[in-house]
Every structure is written in structure tokens, then in C-alpha cells.
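Following are the structures in question.
What follows is a pair of complexes built around chain A, which joins chain B in one and chain C in the other.
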Partner chain A sequence: MSHTLSAISRFVDRRQALVYPAPAVIVLFLIVVLPIAFNLYLAFTKWTVGLAQPRFIGLDNFLELITDERVWNGVKVMVYFSGLSLCLELALGLFIALYFNREFRGSEAVQAIYIFPFAATPVAVALIWRVMLNPEIGVLNYLLRSIGLPGSLWVSSEHTAVLSLVMVDVWKWTPMITLIVLAGLKSLPPDPYEAARIDGANALQIFWYITLPLIRPVLIAALMLRSLDNLKEFDMIYTITQGGPGIASETLYLYSYQVGFGFFKAGYGSALMVAVFMIVLVFNVVMNRMRLSALER
Partner chain B sequence: MRKRAAVKALKSTLFYAGAVALCVGPLFVFVWMIMTGLKTGVQNIAYPPEFIFTPTLENFQAVFQQHHFFRYLMNSLIIATLATGLSLALGLPAAYSIAKYRQGRIGMIILLARMTPFVSYLLPWYIIFRHLKLIDTYTALTLTHLIITLPMVAWLMVAFFESVPAELEDAAMIDGCSRLKSFLIIVLPLVRNGIATSAIMAFIFSWNQFLFSLILSGPQTKTVPVAVYNFISYGKIDWAGIGAAATLIVLPVSVFAFFVRKTIVQGLTMGALKD
Partner chain C sequence: MRRITYIVLMALLCAVMAPGTALAQVDWKQLQGTEVRFLMNKHPFTTFIEPKVAEFEKLTGIKVVMEVFPEDQYRNKRTIELNAGGKLDGYMIMPGQDELYYWKAGWLQPMDDYIKDPKLTEAAWDPKDFFASFTKAATVEGKQIGVVINSETSLLAYRKDLFDRFKVKVPATMKELQETAKFFYGKEVDGKKMVGITLRGKAAAATSQWVDFLYSFGGSWTNAQGKSNIAAPGSIAAFAFYGDLLKNYGPEGGSMLHWAESTSSFMEGKAAMIYDANVFKSLYENPKESKVAGKVGYAVIPAGPAGSVPHVSNWSLSINKNSPAERQKAAWLFIQWATNKQNSLAAMLVGVPAGRASAWNSAAYKAGDKQPDWTANSLKSFEMGQPQWNPPVINVPEIRDIVGQVIVDAIQGKDVEASAKKAAELMDKKMEK
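On to the complex of A and B.
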């Protein structure tokens, strides 16, 4: 028995580089790679779950995708929602990180409150937002009216639905960008700042000519990371608008879910999911190029 | 001199005004959530909204008694604990190996897991689990939650393992320690902060997971995000119930996040800040 044990121990020691990652790799292969391959296969089939068997139809799903108006609506909403929310989160995140970057009394407490939305369960807080955004009795319209402004229809109007969702997304995720950028700011080298101070640069010049170029790779990294989830935002949109009113806030991702699980069209739904994946991939490849070139400079 | 003091006072006033402004948004939603839970159904649909009222705990009682919320909390707790434990068991040795032997390719699988839309996993998983009769089981939910938590733990821990000096291990091995033993009794205790952070992060993200549970859970394994979502799917919206349930769901993870807010960044950036 102890002989076997020591033999195993010796084997583990000799083949450490192989044995240690093996369980994780096997599990990841089973739960990640296999389903993705299955999904890819389904994208080339016609299959309504529960009816018949998947039938191979080549590129037909992708041809249907190009002519599907709801796909283009989904892309449009996705660009609108993600473009706006990512820009706002990045800009606000940067400025709030600059704010937190200097120590002040009570900064710990402020930070603790400020990052609350980040960990809060998305569905739960989205429901609370839904309560607050109610046009008739919601507290947001009450507050607006009490300072003399007209209320808004928020998510009940197709004109403001996406904007309202952007607002909730910015509320929820700007703290995350702030934390990342703050960590980046704390790791910047002190020398350029000392040199600039000796040369008599003012705060704005220091920000523009020193901080911004130095922090650029971190900003792009934060953007990439946030985009991974933002382009695939589901919980919040599904909870607050379900893509409505009509399809005014239906992103491509939400539509792919509807096709797969609302209409049970597994083949076409999978093709849409592949399209979402491609968008995320291309965006991140481009961003990574930008990050690397920013690092070289 | 006086003018300078005035400018300084103005600056610090502005500074603290900024602090207040930053806290208003998070705090308002948080307080409104708790207030919604403490109001009666009638008070919740009153206009103008009531800011001062006599709080009642009846919503919390109803959530537990009529909606079996305790079972859902237990489900979430069990699944999040299993997913966290398994992620650590699998992720720690993998991360150690990636850090020590520079196994970039394993990192690629992890990145793939992170980039793929969750819905892409959902359809295959739904079909496979239905076939295996595993819908509405802890097994199915824990496995799918691993898709999120395992890459998270692995990436976070790579950064921590890289910070452990190799000399320490070498010294242990000269003293006759096996590599396995030195990993367990020398390296792991050195990265305990990282382990705590990644465990808490994994727990939070498993606890918050909605999409997988929405499709793959059932009456036996329903988790709290799905349970609270169901408060709106029966036609009438039970706002008081939502307030109480949301408070119960959000409080534990907020407390956790408070403890890891310093180290959380490494987990979030997955090493992206380093190279």
C-alpha cells in the first residue's frame, strides 16, 4: 500500500507539469470545449427541439441571419447600448479612480459604499431599478417632478428604453472599471511626475501628458474585460425590459436566447450565438492590438 | 495667507461633496431596496412614494413562509459552495503549473471559456442534461457554474503563484521534501490571501448566476436569482416581496465583496494589468 502511494507520489513529482493542470483541463474540455463544438455543429443544422432530428443544411442559417431584420435590429441595439455604456463607464471610471487615488480621511468608507453595486446580484438590483423606473409611481419620476423637471417614460418608451438600460449598466459596472484603473494608477512610476513638477507643469498638463499615456494600456485592458460581459449583457436587460417595448432594447444576444429558448429553434439560435461570439472575438482582438501598441510606446 | 486657507477650505469642501455624490447612487438603490421590503404592498404603490412609514417585517415572513425562500437560499448556498470548492481543487494545481511552467496554451482554453456567450453553452447543456435526466439537479448546476468560477480562480491564482519565490521551494526540496509536499505545505500557505479572494469571488459569481439556473434548475434546485425573478412572472408584480427577497439575496454577497475589495482587482483583470 505504502509502496503504491510512494510510487504515485514519485509519478506526480516527476510529471508535475502534466499532472497538476490535467484535471482542470479535462473538466474545462468537457464543460467548455465540447458544448462549443456542439453549438458550432448545430449552427449548420435545422432543428426544432423536440421535433425530429437535427438536419444538416450547410450555410442556410447564416444566409437567413443576414436577411433577418431582427438580427440587424439586434446589432443596432447592441452597438448603441454597448458603445454608450462602455464609453461612459470608462470615462467615469477613470475620473473617479483619479479621485480615489489621493488618500483622504474616510476614503475607505466611501470606497466601500461606492463599490456596492458591483457585487450585488444583477437580477435582484435590476428588479429594484424596475420598481424605481416605473413612470407613474416610481421614485425617480417623483424626484424629477419634485425639482420641477418633467418625468420620463424610462423603459416604457422605445425612445428611452436603451438609454435607461445604459444608466443602470453604468450604475452597476463603473465601480469595477474604477477599481481596475485605480490599481493601475497606484502602480505608475513616480519619476515622470517628479520631473513634471520640477518643470512646473500644472495638474491638467500632468494628467494629459503623463497620466493618460501611461494609463492607456490599463484603460484598454479594463475596456476589454468589461466588454466581455457588456456585449453579452443578459440578466439586466432580460429582467427590466425583456427586449421591449417591442424589440426596442433587444440586443443580438437576447434575440439569440429568444430564438433558442423561446422558439426552440436550436439550429438558427446556435447560428446567432456564433455571430455574437464572433463580434466579441473581433472586438477583443482589435482591442488587444491597441493595448499592445500602447504598451510599446 | 488667509486667502490660501480659504482656497484650501473650498477645495476640501468640494472634495467631500464629491465623496457624497459618489455614494448617492449606490446608497439610494440599496436603501430603496430595503425600504421596499419593509413597506406593505399598498404603501409600495402609493404616489407620492412614502419616505417615512412604519416598517413591517411581514414581507420577509411571507417570503419565507409562502415562497419557500429558505430552500432557495439553501440551494444557492449548496451550489455556490460546491462550485467554489471544486474550482479551488481543480484550479489551484492548474494555476500553479501555469505559473511555474509558463503553460500559455492552457490559458487559452480559459480565455475561450470567458469569451463565449453563456447562451452558447446553454443549448448543448440543456440537450445533454435532458438526455441524462440531470435537469433540476445540483450536479447540472454546479457543473455549469464551474464554467464561470474555474477560469476565474485559475487566472487569479496564476498571479499569486508567480509572486512566490522559487528559492523557497528549492530549499524545501534540498531538505528532502517532495514537490507535492512542498506545494501543499510551503506554497499554498503563502498564497492564502489569494485563495481567500478567489474563493469569495467564485462564490459571489456563482451566487449571482441567473441564466444557467433559469433553464437548468427546477422546483428542487431553484436558486435565489431565479426565485426573485419569479416574483414578476405571475402576472401581478409583488413589489414588497421583491424588496424583501432582493435584500436577502444581495446582503450576503455585499458583505463578502467588502472584505475582498482590495484584492478583487487581480481577479477581475485576470492578469491583464501585468505584462
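On to the complex of A and C.
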């Protein structure tokens, strides 16, 4: 008995690097690597759930994807939605962080209230926005009309659906960018600022020539974090518009969900997910390059 | 002598009864100890039957496990579970939506053998009592795959009180429907601005109500060659009429209206008319939720160039083909019991529109019927109705999305003909049969 035990302990001692992370590695393999590998395999098959078994069809799904108008609509909506919301969130987040980065009365209370949007449960918040955006009974049109402005169709019109979603996304996520940037601002060294002030630089010059270059890596990191979520934004869009009217606000991510779980075409749906993955990957590789080069400077 | 008479009489009695008992008696305890699992949609029928399951368990000794999910999740879960091959014996299905897909996937057990077997089915169950159009809808390749538990059609519901006040006739034709909608649109009633009519406009969800306009205007999903027919003149007219009706005389943001938004607009008293499923009567007439309870009249769909052609749809209970034989039989006993005459009538009395004519025509139901015009018009609609409320394909949701886009385009005021032609081409490419 004691012999076996000591044999085990000797084995563990000699192979610590293998043994200790093993449980985590096994779990990760099962819940991350395996599903991704299976998804990749499915992307090269034709398989409607229940109708026969997955059949290998090579690149056919990807060829179909290129000619599928709904895919291009999805890419367009994705670029439009993500591009606009990320830019706005970054700009607003930065300026609000600059505003918060000084002492004023009640600053802690304001900051606590300010982070509420992104602390709240996404689906619950989206459900409230869905009602607020309703052109008939929503509070937004009520407010607009009460100050004499015409109401908007918000998400009920093809023309304003994505813009309305951008508005909700900006409302929800700008605080996160602010928090990250604020942490970055607080950690900046005071010396360059003192030097600049002695040389007589004004506030704009200080911001442009000192704060912005120093904060750039943080900004890019915030953008990367946010873009990971934003490019695969699902719950908010699904709750508010389900991609409608028609497919006017259907991102590629929503379309792949519809193909997989609405149409149950698992093969084609997996190919669409691979496409989404590639877009997110390329975007992040580019962003990471930018971050590294900003750090080197 | 007396004893002989007695014996003869007894013998005669036995002779008369014996075949009867041997044939018509179902031994309800035959599968005692079996456990069956049913997947159910959150639906008034489920709310009705769930508390009664204990009665069935007492009668048969079969344990029934029921799991209930809201409709969107329900459809996903059902497909995934059936594919995974777990323990699932029976489930709710809308044959018009999923029957071809599920049949091809091998998930639907034909029930004809059970129905014919006197050891498994009581004579009193009387399959002929079910409305023929619904049983037909739950039949694939000549095999019955479901028993109807909820019979639906669509009706035009209108504000009786306002129609009386303004001396407006109930529209009998599509032209009158449009005129009536126009008449009420923008009218101030009791300090509220009305809309003429509310309809579903949300792409795929709208197709199942729009289909009645499609057929009433002489269009159809597919033509005789099985090709898409949604760009035919009648179909285009239906898209244009429906889109204009909602765009010009309906609530704002028509292309995002699902049934929940549409019915709440009507229940708020903002719309003079609504065209949607007849089962929503239970919403309109619920004084706790609806401001128009007791003020609603019902009519069949107004006639278009091709007449009044509503659809009929239904929820059915089906048996999983991959479940073991014993449990399939137990599931059948449950389905039979749940849809027998007594339970159908009891369901009818709490507002679940049963699939049996006897329930609809019973004195008990008629005595308590507060909306006889709803009952009369629903029955009329069942008779006139056609069961093809979805395109006749395996991939129903995909084709519904394609057709729904044309409805959205029509509501948004785009070129309907161009949109319909584009959709028809895409439909031909994507249809799977």
C-alpha cells in the first residue's frame, strides 16, 4: 500500500509540470477545443439536424456563403453596427474619462451611477429598450412629441434600425471604456504634465501631445476588449429586433444562429460561424499589431 | 323451469356481452409501471391537461413526466432532443409547420395501428368525431401522425360597439375591408386616435396570417409544377394589399408587429379591427387584460377575387418513432385519454378550442358561450379552411423568411413586384421537399 502511494508521489514529483495543470487542461479540451474542432469539421459537411448524417462536401458551404445575399447583408450590418458603435464608445468613453479624471464634489456617486448601464443584465436592459423604442407606446417618442418634435420609427424602420441599436450599445458600453481609460489615466506619470505646464502648453496641446500618445495602448486594449464582445453582439440585437425589420439589422452572427437553430442546417451554420470567427480574428490581429507598435513608441 | 329460464337468460346475456367485452374493452392497466416523458409547448392546452395528469396516472398506473417550455425554446429543444435520441416518448407539434421535416427525419410514429387495435383504443374514442380538415392536416403519406388537441383558424375581429355607433357594416369583401380600415384610421374615438386595422407585419411571423390573403386573392405558395408561385399576379396582389392595409391604416412600425404587439394594440382599444388567430379571443375577451372585452364581434375573412379562403392550423400530440414499443403504447394511451370526449369537452369549457365536433356542438358549451358569433364563424372557417398555412416544404422556416421579406418590403413601401420576383427565385433555389 505504502509502496504504491510513494510510487504515485514520486511520479507527481517528477512530472509536476504535467500533473498539476492536467485537470484544467482536460476540462478546457472538452469544453473549448473539442466543440471548436467539431464546428470546424461540420463546416465542411452538409447536415440538416435529423435528416441523415453529416456528409463531407468540401468547400461547398463556403462557396454558397459567397453567393448568399443574406451573408453580405450580415457583413454589411456588422461593419456598420460595430464600426459606428465602437468609434462612438471610444470617443465618448475617452472624453468622459477625462472629465471624471479630476476631483469634483460627488464624483464617486456620479461614477457609481454612471457604470449602471453595463453592470445591468443585457437581456433585461434590452427588453426595456425594446418597449422604449416602440413607436406607438414607447417613451422615446412620447418625449420627442412632448417637446414638439416628430416621433421616429426607431427599430421599426429599415433606415433607423441599426442606428437605434448603436444608440443602445453606446449607452450600455461607453461606461466600460470609460472605466478602463480612467484606470489608464490615473496611472500616467505626472512629470510630462508638469514639464508641459512650465513650458506654457494649453489644455488642448497637453491632451494632444501628451495624454493621447501616452494613453494610446490603453485605448487600443479597451477597443480590443470591447470589439470582441461587440463583433459577436447577439443578446441585445436578438432581444430588440431579432434582426428585423426583415433582415435590416441582422448581423452575420444572428444569421448564423438562425441558420443553425432556426433552419437546423448545422453544416452551413457552422461554416458561417467560421466566417464570423475569421472576421473577429483578423480584426484582433490588426488591433494587436497597432497596440504593440503604440507600446514601442 | 324458472331455473332453466334463468340459466338461458344468463347464457344469452353472456353471449351478447362477451364479444363486446372482448373487443371494446381496453385494459387501461396493461402498461402499469411504465414511465413516459412528454415535451410540451407552453400553451392553454398544456395548462389545462397538466393538473389532470394525476387522474390518468391513477387510471393506468403509467407515470407521465411533462416538461413545458415557451414556444421559441420549445421548438429548438424538441428538435435537438429528438435528434439526440434521449428518452422522449411524446410531444406537441404543429403539423403544418414541422410535419414534413419530422417525418423525413423519422421522428413521427404513425398511429393508425393503435387506432385500429381494440385492445389499445376504445370504440368510444370515435376518430370520426374530430374535424376532418385537422386530421387530414396531421396525415403524411396516408399515415396519421398526430391527434389534434387545439383547432385554430383566423378570424376578423372588430369593435362591435364602434361599428354600431358609426353605422358601419362588417366588411364582406376585401374592398370593403380596406374602406372600413380607411374610415376608422385617424378617427378620434373617446379621446383616442384610432387606427383602422392591425395585422402582423413581422416577416416570417406575418406569413401565417398573410396566407389567408394569398389564397383569397387567388395566389398560392407553389404552382402545379411545384415551383414557387409567390410572384404570380394573385400572390403579388395579396402582398400589395396586405402591405398597403398595414402601412396606410395600421399602427406605426408595422413591419415589427408580431402577434403580441398586434393583439395588444387591439386590446388597448387603439384599433378598430384585427385579423389574427381565432384563439386570441381568450385575450380580447379577458377583462383583466383587455379594454375591449365584451365589445368584439367576429367574422370570417372578407372575400377576395378568389373568395374567402382562411387556413386551418392545429397543435397535435405525436409519438416519437424512436421510443421503445412499450412506451409508445403507453404514450398512445395517454394521448387517447387526453383527447377523449370528456376531456375535449372539459378543455372546450375552459376556452381551449378542442378538435372534436361533439365538444363544439355540445349543449354544455353552447349554454355558456358568451360569443356565439365567434363559435359560428370559427366553425364556418373550419369548413372553408385549407390546411396549407405554410409552404409545402421540409425547410419551412427558411422559406417563411424569404416570403416574409416581401411582406416587410410591401409595408415599407418598396416595389412589391420586384421584391416578390426576387423572393420567388430564391425560394425555387432553396425549397427542399
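In this section, the second predicted complex is superposed on the first by the 277 of 297 C-alpha atoms of A that agree within 3 Å, B and C clash if a C-alpha of one lies under 4 Å from a C-alpha of the other, contacts with A are read in each partner's own complex, and residues count from 1 in each chain.
Quick note on the criterion: a contact is a pair of C-beta atoms (placed from the backbone, for glycine too) under 8 Å apart; a residue touches a chain by one contact, two chains touch by 3 or more.
Quantities reported herein were computed from a predicted structural model and do not represent experimental measurements.
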Check your understanding: So, does A:Asn101 touch the first partner chain B, the second partner chain C, both, or neither?
Key -> neither
Review point. First (chain B), second (chain C), both or neither: which does A:Ala112 touch?
Key: first
Check your understanding: In the superposed arrangement, which partner chain does A:Pro245 touch: chain B (first), chain C (second), both, or neither?
Key -> second
Practice item. Please work out whether A:Leu179 is in contact with chain B alone, chain C alone, both, or neither, and reply first, second, both or neither. Key: first
Check your understanding: For A:Phe261, is the partner it touches chain B (first), chain C (second), both, or none of the two (neither)?
Key -> both
**Study point:** Overlap of the chain B and chain C footprints on chain A, listed as residue numbers
**Key:** 49, 136, 261
Review point. Of all residues in chain A, which touch chain C in the complex?
Key: 48-51, 134-136, 151, 153-158, 241, 244-247, 258, 261-265
Review point. For the complex, which residues does chain B have touching chain A?
Key: 15, 18-19, 22-23, 25-27, 29-30, 32-33, 36, 44-49, 89-91, 93-94, 96-98, 100-101, 103, 106, 109-110, 112-128, 143-144, 146-147, 150-151, 154, 178-180, 204, 207-208, 210-211, 215, 224-226, 228-229, 231-232, 239, 242-243, 245-246, 249-250, 253-254, 256-258, 261, 264-266, 268-270, 272-273, 275
Point to revise | chain C residues within the chain A interface of the complex | key: 76, 79-80, 82-83, 101-102, 104-107, 201-203, 251-256, 261, 265, 270, 394-395, 397-398, 401, 404-405, 408-409, 411-412, 432
Review point. In their shared complex, at which residues does chain A touch chain B?
Key: 9-10, 12-13, 16-17, 19-21, 23-25, 27-29, 31-36, 38-39, 42, 49, 96, 99, 104, 106-107, 110-125, 127-132, 136-139, 142, 146, 171, 175-176, 179-180, 182-184, 187, 218, 221-222, 224-225, 228, 232, 234-235, 238-239, 253, 256-257, 260-261, 266, 269-270, 273-274, 276-277, 280-281, 284, 295
